Each structure stands twice: as structure tokens, then as C-alpha cells.
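Below you'll find the structures, each written out as C-alpha cells.
Each of the next two complexes has chain A plus one other chain: chain B in the first, chain C in the second.
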Partner chain A sequence: MSWRDAFALARRSVYRRLGRAVLTILAVTLAAALLTSLLVLAGAARTRVLNQLSKGGPLAGIQVAAAAPNLGQLDRDSPQPGPPKPLDDVALRRIRALRGVASVIAVEQAPIVVIPPTRIPRALQAVASRKPGTIQTTMIGTELQDASKLPISIISGRLPAPNAQTEVAVTETFLQRYGIGKRDAATVVGMQLEIGSPRKYAFGNVRVRGRWTKQTIVGVVAQQAANGEVLTGASSVEAARSWTAGGEQIGDSIGPDSSPYAGLFVIAAGLDQIGPVRSRITQVGYSTSAPENLINSVQRYLHVIEIVLSGIGVIALVIAGLGITNAMLASVRERRREIGVLKAIGARDRDVRHVFLLEAGLLGLAGGLLGTVGGWGIARTLGSVVNRYLSHQGLVGVQVGMPAVVALGGIVGATVLALLAGTVPAQRAAGLPARQAMGDE
Partner chain B sequence: MMAENDVAPVDVHVRGLSHVYRTPEGPITVIDGLDLDVIGPAHVAVTGPSGAGKSTLLAVLGGLDRAQEGSITVGGIDVTSLSGDDLARYRRDTVGFVFQHYGLLGTCTALENVELALSFTGGPTRLRRARALELLDAVGLSARASHRPASLSGGEAQRVAVARALANRPRLILADEPTGNLDDDSTERILELLHALPRDVGCTLITVTHNRAVADRADRRLQLRNGRLVDESAPSRKGVA
Partner chain C sequence: MTRRSLCLLVAGAVLLAACGGGREALGPPVAAVGPRSVYVAIGSDEELGEGSANALQSSWPQVFFRRTLPGNTVFVNAAAHDATVEAALDVQLPIARQQRPTIVSVVLGAQEELAGDPRPQFTDQLTKLLRSLRAIDKTRVLVGSAVALPSLAPDVRTARKAAYDAAIAKAAAATGAEVVPLGDITATGDQQVGTNGRPDPAFPIDDHESEAVAAAFSKAFGKRSTPTSAR
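Here is the complex of A and B:
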């Protein structure tokens, strides 16, 4: 009996007992759906993280400090920087021109004076344990379109609009001034601050004049881009800075920081470029930090997660496989006479074995196909939930795609497993005596 | 039906056949030193009370069961020496079975059931289909080719089974109570069909039955009693060795 004839017989058998086969197929479907959705999601997460690592994003970034490199700690992810060294436009241009650099985001800074409102929102009042007076601090700014590439995450509210002149975000340090934690971050959102850029005049006594603007807090962020309590767009910081620079340099108590940039964020052209770019920046003469060692661990952990998730899926498939074995054993018991008849009309043991193996394989194939489609649906659904969360966090969403390997793996895996599950019933059917054809009860 | 004798006649020789079933309650000797000689083509009926061992005899003759003791030759083939694939080939090429319960596959149509028997010999699908249709036509069922057994009457199902038994041009047809489940009209039709086979096709037919009317149609009537066959037919008739 050819495989084709055996297949035709197996197909008819599954088709005619479809009602019964459905339960078995359903188990395989669920298991295959579980396996493929887990793999798709793990893959999406992995791609997402690797994208972050390789094509910009906080993890692929090299932070350049306004400081000389500390030659003793070059192999560290976050070395102690050496002595302060101004980071100016000349340095920025040199670094931008280095080989292996994809882009450079500058973080500008300006000294500011913040006068909090005397009347604070009711919600804040309820949780605040103290109230700050006038605050001297640093305002940092960057092109906020690029914010997603910087190590900035939103705790509450949102980032200032890229070109808005009256919107700022504050950091956790600002929350501490009211004695509140991240949990109550929302209470400061919407508050208005008077922010002044100091300018010094020396007419006998030192006098300070400010350029005052009213700014609304639109969000609270956690950030490691640079030191500073207030985050806003680059243009606001530049304006503040040039006002301050118009004054006179008297001591260094309030004058403009000697470095126009608080730091740079250098994005390497690829994961493998992070190391070389770092050493080139060191040669230019600035201290860098980058999560190189972290990246390696992350990759390893991602791999472990994938192994664990596929393990869960495989366990589900094995259980489904046992279901196939069980259902087929029952089927063999029920069809003893039919098997005997097949042998009576000329089937060899192996013909019978083939028919039952193909039947199991068909159940697996059907389950694998349905499950892979279902798994893709599940992954898409979960992916859109995750994306809603990510976009809420001001982050780029993940791409949930079904890699051909996963789709093929789900289908082939379910089929192979079903074939394995079918070996015992098929062997049992093949071994039944032909005498069963006579149908002794 | 079949116009010409299309198979070579076959002789059956059984010597000293014994068959014992080992059960938890003790051994049951069903066949005990049985001898049988049939010169084909012939129609031989085997009668006997229920439990006499008629089905066991057919099973051993047809290679559904191995002979425990004794020798069986069918058309020169030493059946007792066959096993595995050789036994399967013997069942496929030399023997055609007709069962009381028809033995049709419920998942296949009448045509597919006949084709199934042809699928073990291989050959092009087109030719198989043509041959299966021809066989169904010969039993008067070409109009029912696409029906499944569930939608056939008992008599029709048994005619499909006869068509299937003839598919590989067997030289020995073994029918175990072929009319046991049929009404009188259907019985008559099946009997005519079967009885004509030795004459038209040239094969040897051994029918097991406890129905006297069925047995009377045979060239020769044997009764299975105490594990042996006793000849009950007139000595002059055809098929007696």
C-alpha cells in the first residue's frame, strides 16, 4: 500500500470522525498556540531589546560626561569620571565625526532659580511633608523628539512638547523637596513654577537679575541623561543660557557653568561599535560610560527567557501528544475488526501502521496549523496591550510579527510530536491479529 | 456475470489440522486432526452447530490465523510455512473473504471499499477505479458506487463485499456465514452470486453456514463435528476428492 493510499485512508478516517477528532485537535491547537504565542512574544521582546541595543535607544547609547577620562577605569561600564572638562561645540563636532558614531544627542544645561508657588495644589498639600523655598538648580534640555533614545522614562504626565516654551518636566529630586515619593508624582503635575535665569551685574556689590518665565509642570520623569532637576526642550535651555552668559563672570557661584553641555549621548552604529566608539571618545579626551557588560548579560537573560518559555510550550505539546496517544489507543480498540478486515484483504502490518501514524500526524498537523494561527492572534492581542502600555510610557511599541521559523516550527513540531504520540497506537494496531476480521466479540 | 474463467483452478489439501484455544478455563480443542481435499473449481459448504469451529477452520485456511498443527496447501502454496508479509501476500492474492458482517469500512464509499483491496497491489489509480467500477457493475451496484455502507441495505453491503473479495482475482473464496444477517430475498441473491463463481470465474468457494438451504446449493456438503469434517453429500457429486 503506497503512502498516498494510506494517507487517503487516514484522511477519510479523521474526516468521518471529525466530531471526535476535534477534541484531540483542540488540545494540540491550544498547545501549539501557547508555544507559538510565547515564542512570538519572546521574539518580539528580544527584537525590541536588540533594536534598542543596536539602533539607538538608551541601551545602545554612550554617555559622554563633561569630564576627562579616568584612565584607570576604562573597562568599566560606568567609570568614575576624571576631573571636569568643558564639553563645548568643538568637542561635540569632533565626537560627531568619529567613525562608528550614528548620531549624537547633546544635553544642554543652564543654571536656574526656581520659585515654587505659594499656593500649592490641594492634592499635593495632602501628601507633602515640607515646602521648599527658592531653589537653585540646573535645567537640562535636549531635542525632545529624540527623548526616546535617551535614558528618560515617564513616571507621571508626559514630556514637554518639543517646541513649547512654557512646559517643563521635573525629576524625582524635585519631588523630594516636598517630601513625596514617586507614588504621588501626579500631584505636582499641572503646578506652575516661576523659573528665573540669573544674570550677574557688578556695580560695587554683586547684584543678580533674573529673566523670569512661568512654566507648567507637565510630567515627572526619571532620567540619567544628566544632572538636573528640571527637564525641558533644548531651545528653552539655550535661551536661559544665553541670558545668563550676558552677565559677568564673578567667581563661579551663579555664573554660567563653564561647560555648555551637561553631557552628550552618543549612539553607536551597532552593538559591536560601542566598544570602539568609546575608546575613540577617550582619545578625544572625555569620560564615557556605556552598559557594555550589561548588554551581554541582557542577551544571555533573553536567551534564558526564551528557553523557559519554549519549555512551557513544549510541555503543553507533550501533554497534547499524550492526549493523541490516548485517543488513538481508544480508536484502535474500537476498530479492531476494521483493522482485521484490512489485513484480511491484503494489508501488511506496516500498511496498518502507516495508516494510523498518518492519522496521528494529520491530527497534529491540523492542530499545529490552527494553533499557529491562533498563537499569532494571541500574540497580536497581547502585543497591542503591551504597546498601549509602552506608548503610555512614552516608548516606542514592539513589532509583533510571526517569524517563519516559529510558524514552521509550530506546525512541524506539532506534527512530529503527534507522529511520535501515534507510534504506540500504530504499533498496537499493526500487531493485532488478522483473525479480528471475523469479529469475535 | 464474469464472462470467462479468469483464474486458474485451485486445489486445497489439509492434513492432520488441529487447533486448540488456550483459555483461562482450560484448553478448548476446536479442530482435531482434520483432513480436507477439494479439487477446484468447486463450491463446498461447511455446516455445523455454533461453536463447532467453522470460523476457526476458515481463518486458518485463509491465513488469518496460523495453523498450530498439520499442513495446508492451497494451489501448491504451503500456507503453514508462511508468515508476516508472505502471509499478507497470500491473503491479498490467493484468498477472498466474505464475512457475515460484510466487513466494509464505514469511512469509505462502496467504490472506495473495492478500490481499497486493489490498493495493496499498487497500479495506477485510474485502472483501479475502472476495475472497481466493473466489479460493482458485476454485482449490480454501479448506481450505489458513491454510497457509504451506512446507506446500503444488508444485501447491498454484502454484494459490495463480494465485489471487493473478487478484486484481486482470488482462486479461493472463503465465506463465513455470508447470509447470516440477510433476509430471504437478499440471501437468494447473494447465494446466486456466490454459487456462480466457481463456474464463471473458476475459483474454489468454501462457504460456512448453519443454514441448510444455503448448504444445499453447494456441490458438496461437509459437516464439522468433533473437530473433523464429515462428508454429507452424495458421493458422485462434483468436487469430491
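Here is the complex of A and C:
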């Protein structure tokens, strides 16, 4: 008997007992859907957390402060920094050259004065409980094309374009000036601010001259890159700093920090490099902080979660496999006469085995296909629910995409499992002597 | 194409579509990056908002910048308290040169007007200032006319204003600067507290008058477009 004939017989058998076949396929579908959705969600969690930790995301970064290390707190994740120490280009180059450092992002800051618009948008008017006057604060600047590596999360809108000169993002502290929370963050997006950099000069008391620009708020962010309410590109902050630095050295109320950089964000070459790189930066003479202990805990918990999720999926598949075995055994019992006839007309044991294995394989393939698509749908739905929650919390959402390996694995895995589950019934059918099969009928 | 292969094709397409995914960050459209215009205000107390309840927010150059100038303009307020033309040449002109402005406003002369009739060096120094500003990058220079000072006796006030107007007009004509008439915006003489803690006799203007000065400069600005610098 050729494979083609065996396949035709298997297909016919499936159609003949359609109700049973549908129920068997449904069991495989549900199991495959469960396993696929769990794997997709576990993958999303890995992307959101583990990959960020291990491949240079914000949590894998080491924050370097413009301060000397505090020798009594070196073993802490977030030690109190020692006395202020300028962080300049020489220090930047030295840290960049350290072993285990993948990249270094500089964070700059400049003192600014913000004049909010006199007329505020209607949506903001509806939720704001107060209206700020002139605001004295700090503007933070960095190379925004590297923003994904920094501890910055978008709450609403987007980040300023890397080379834009008239765009800023503001922080939650700015929202508090209007008495609003993260939930209403979108109401400030699109608002235009006048941002001035002060330059001191002496006239009786200390006076300031301003260099002003109009900036549109394009987003609201949660950030731990440095202290400040306004985030923008490095070039805007450099221009502001350079204006302020041109002033007279009078008093210390307003003026640029003596350090050219407010801080550095060092990305270690790997998760295992965070500790050694921190030690090397300490030797260079700067205070560092990094969530080393947190990373280790998160890694452990994520691994446990993955094992549990995979276990649940595998149990479901095994149950579905037992369902296939059960259905196939019933099928063998019902088709004794057919098996006897096949053998009587010359079918060999292995031909009968092929028919039953192909039938099991067909059920597994159909269930695997439907289950994989269904599992992806479930994961997408759950992902959108999770994203809604995360965005309410002011956090970046997860990206739920199905890796090709999971899709292929779902289909192939279900088919292989079905073939394995069909082995015993196929073996039993193949082992039936022709006379016994006919006689029993 | 058979039904079976069609089904397989659809299932494959669905799976391929499923392998993509992710969400795009939303937000306002990205602003176009273009050449910036730079505005420098040269002047004295009124440019710094002296006389206003909220000096930073309501000084007339700030209002002019807010309402009239393009969104990508950088505005530098170079004004200094009690500035004369001579002091502006020393202190404010270097600041303006550094900024390479595309437009400059000059409102000076109140301190000199308070002291007496215009002396020849007032016109010379103002001409020098305006010429230097014009020479930076063919910069457009708007120079405010004189204002009738309320602290002067009524009979002196008008004559002195006319004399300063003539001097300013002469300097502007010699340099290609444009005169912005401020004659109608006579300061009310609300005896604002000056920088020395005493009532300022020079040019104390309140928010309402700031608006009027800004409107006069906006009107003059609108008469022709200003080039932008390549920064």
C-alpha cells in the first residue's frame, strides 16, 4: 500500500467519524492554544524585563553621579553619593574605555525658567486644580536616539525628536504644578511653554538676562535619568548651559552646575558585568548606582514563572494526547472488520500502522494549526489588557508578537504528540490477525 | 487552486501575520527642523518688565516674542537697567553680536531724555549702535521712537520728545533701521518703584502699556518678512 493510499484511507476515516474527530481536534486545539499563549506571554515578559536586563536596557544600566563614591556604601544598589565631583569629558573618556562597558550616555542639565501659557487648553482646564506662575526648574538633555537605553518611560505622547529644537517632554512633577496626575497627562501634550535660560549680571543686586525659546510639550515621561521637570535633546541643553555659563560669577542661587555632565548612564556589556564595571568606575573615582540585587531577584522569579507556565502547557498537551489515544483505540475497536478486510486483500501490518498513524497525525496537525492561531489571539487579547493597565500606571507596554519558532513549535509539537499518542492504537491495529479481526465481527 | 490548498494558504497567511506585532508610540507629529530666527532686545528697564506686576511674563519684548515671532525663534533679552546708548554700546552690543540676530529691537534714550535735550554724541552713539547691529548679518533693526516722560514738566515734555524723535529718526535714516512710532504710548507716570527702590522717573510702563509697545513692534515687524539664520 502506498503512502498516498494510506493517507486517503486515514482522511476517509476522519470524515466518517466527524463528530469524534472534531472533539479530538478541539482538545488538541485547546491544549495547543494554551501552550502557545503561555509561551507568547512568557516571551513578552522576557522582552519587557529579561532582555532589558541582559542586553543593555535601562535596568541593566549603571548610573554614574557627578560625585565621589561613598566608601561606606559601596555594596548598596543606590548608595548616598559622596561629595560633588565634576564629571567632565576626561572622566567620560576614561569610563568609556573601561573593560566591560558597552556604551555610555551622557546626561546634561541646565537651570531654566518656564513661563506656562496664560491660556491653557480646555481639556486641561477641566481637570487642573491650580495654575502655576513662572517656574524655576532644571532641563535635562541627552542624545534622544539612545533614550530607549535610559530609565525613561513614556506616560503620554512621545519623546522629543532627537534633532528637534522646539520640542520637550515634561515629567510628573510638572503635572503636579497643575494639580493633575498621570491619568490626565495627555491634557498637557501640545501645550506651548516659553523656556528661558538665565544669565547673571551685577546691577545692585544680582540680575538675570534670559535667552528664551518656545517649546511644545510632545510627551509626558517618568524618568530617573536626572533631577528636572523638562526633558529635551542634548543640543538644546548645551545651548542653554552655554548661555548661562557666560554670566558673571555672583552668588550661587542661579547658575550652571560646575560639572559639564549631570550624570552618565553606563551600559554594561552583559548582566554579569554590572558588578565588575561598577567597581572599575568606583576606582576611577565616581559614585555609581545600579539595581544589581533587584536584577538577580527578577531573573530568578522570571525563570520560575517560565517553568510553571511551560509545565501547565505541557500537562494540557499530554491530556490532549491521551484524548487522541483514547479516540484512536475506540476507532481501532470499531474498525476491526475494515482492518481484517485490508489484511485479507494483502495489506501488511506496517500499512495498517501507517493508516492509523496518519489519522492521528491529521488530527494533531489540524488541532495544532487552530490552536496556534487561537493561542496567538488569546495572547494578543491578554496583551492589550496588560498594556491598558501598564499605560494607566505610566509604564511602557509590552509588545506581544509571535516568534516564528513558537508558531512552528506549536504546529509541529501538536502533530508529533498526536503521532506519539497514536502509536499504541496503530500498533494494536497492525498486530490484529486478519482472521481474528474478521471473526470478531 | 483546490479548496484544500486554499485553506492551507489562508492558515499560512494568518500565521505569518501573527508573527509580527507590536505597537507604535503615539504622539504629536514631529516638528520640522529648520533655520532659526534670533531676536535680540536692546534697551533699558521697560525691556526688563520694570513697572509690571510680573516682569518676566509681561515685559513688552516677551509679549512681542510670544505673539508675533515664529515658533522656532530664539529670543535674547540683552537689556540692562538704567541703560543709556553709551552703556548699550559697551554691554549690550557684544551680547547681540554673539547671538548673530536676524532681528533686533532697540528702545533707548529715556535716561538721556530725562537728563536734557539730545547732545550730538547721543545721535552719534545711536548711529554707531544701529550701524553695528545692521552690520552683523544685514540684521533687521527696529528702533523705537522717543516717549513723552511723565516725570517731566508738561511744557518741557513735548519739546524734548520731539527733539529725541528727530535724533532717533536721523540715526535710523543713516543706518537703514526702521523707526517704530511709540508716540501714542505715553507712559502714564504711575510712579513705579525703580531699581533703586525709589519711583522710576524714566519710562515706567505697566502691563497695558507693555502690550501697546509690543503691538507697535508687531505692526512694524509685519510690514516685511525677516530672514532666518542658519542655526
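The criterion applied here is as follows: the second predicted complex is superposed on the first by the 278 of 441 C-alpha atoms of A that agree within 3 Å, B and C clash if a C-alpha of one lies under 4 Å from a C-alpha of the other, contacts with A are read in each partner's own complex, and residues count from 1 in each chain.
Operating definition for what follows: contacts are C-beta pairs under 8 Å (C-beta built on N, C-alpha and C of every residue); 3 or more make two chains touch, one makes a residue touch a chain.
Keep in mind that what you see is a predicted model, and the values were worked out from it rather than measured.
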Regarding the shared-chain residue A:Gly346, is it in contact with chain B (first), chain C (second), both, or neither?
first
Just to be sure I read the superposition right, which of the two partners does A:Ala434 touch: chain B = first, chain C = second, or both, or neither?
first
More residues of chain A are touched by which chain, chain B or chain C?
C
Which superposed partner A:Ala65 touches (first chain B, second chain C, both, neither)
neither
With the two complexes superposed on chain A, say which partner A:Val230 touches: chain B (first), chain C (second), both, or neither.
neither
Once the shared chain is lined up, is A:Ala161 touching chain B (first), chain C (second), both, or neither of them?
second
Check the residue A:Gly133 against both partner chains and state whether it touches chain B (first), chain C (second), both, or neither.
second
Would you check which partner chain A:Val332 touches, where first means chain B only, second means chain C only, and both and neither mean what they say?
neither
Tell me the contact category for A:Leu9 with respect to chain B and chain C: first, second, both or neither.
first
In the complex of these two chains, what residues of chain A are touching chain B?
1-2, 5, 9, 12-13, 15-17, 337-338, 340-349, 351, 433-435, 437-440
Applying the document's contact rule, which stretches of chain C touch chain A when the two form their complex?
11, 14-15, 18-23, 25-28, 30-31, 33, 36, 48, 54, 56-57, 62, 65-66, 71-81, 95, 98, 195-196
Okay, in this complex, where on chain B does chain A touch?
55, 58-59, 62-65, 84-85, 88-89, 91-93, 97, 99-101, 103-108, 112, 116-117, 119-122, 164-165, 167-168, 176
In the complex with chain C, residue positions of chain A that touch it
113, 115, 118, 133-134, 154, 156-159, 161, 163-167, 189-190, 192, 194, 196, 201, 203-204, 207, 209-214, 216, 218-219, 243, 246, 369, 372-373, 376, 380, 387, 397, 399-404, 407
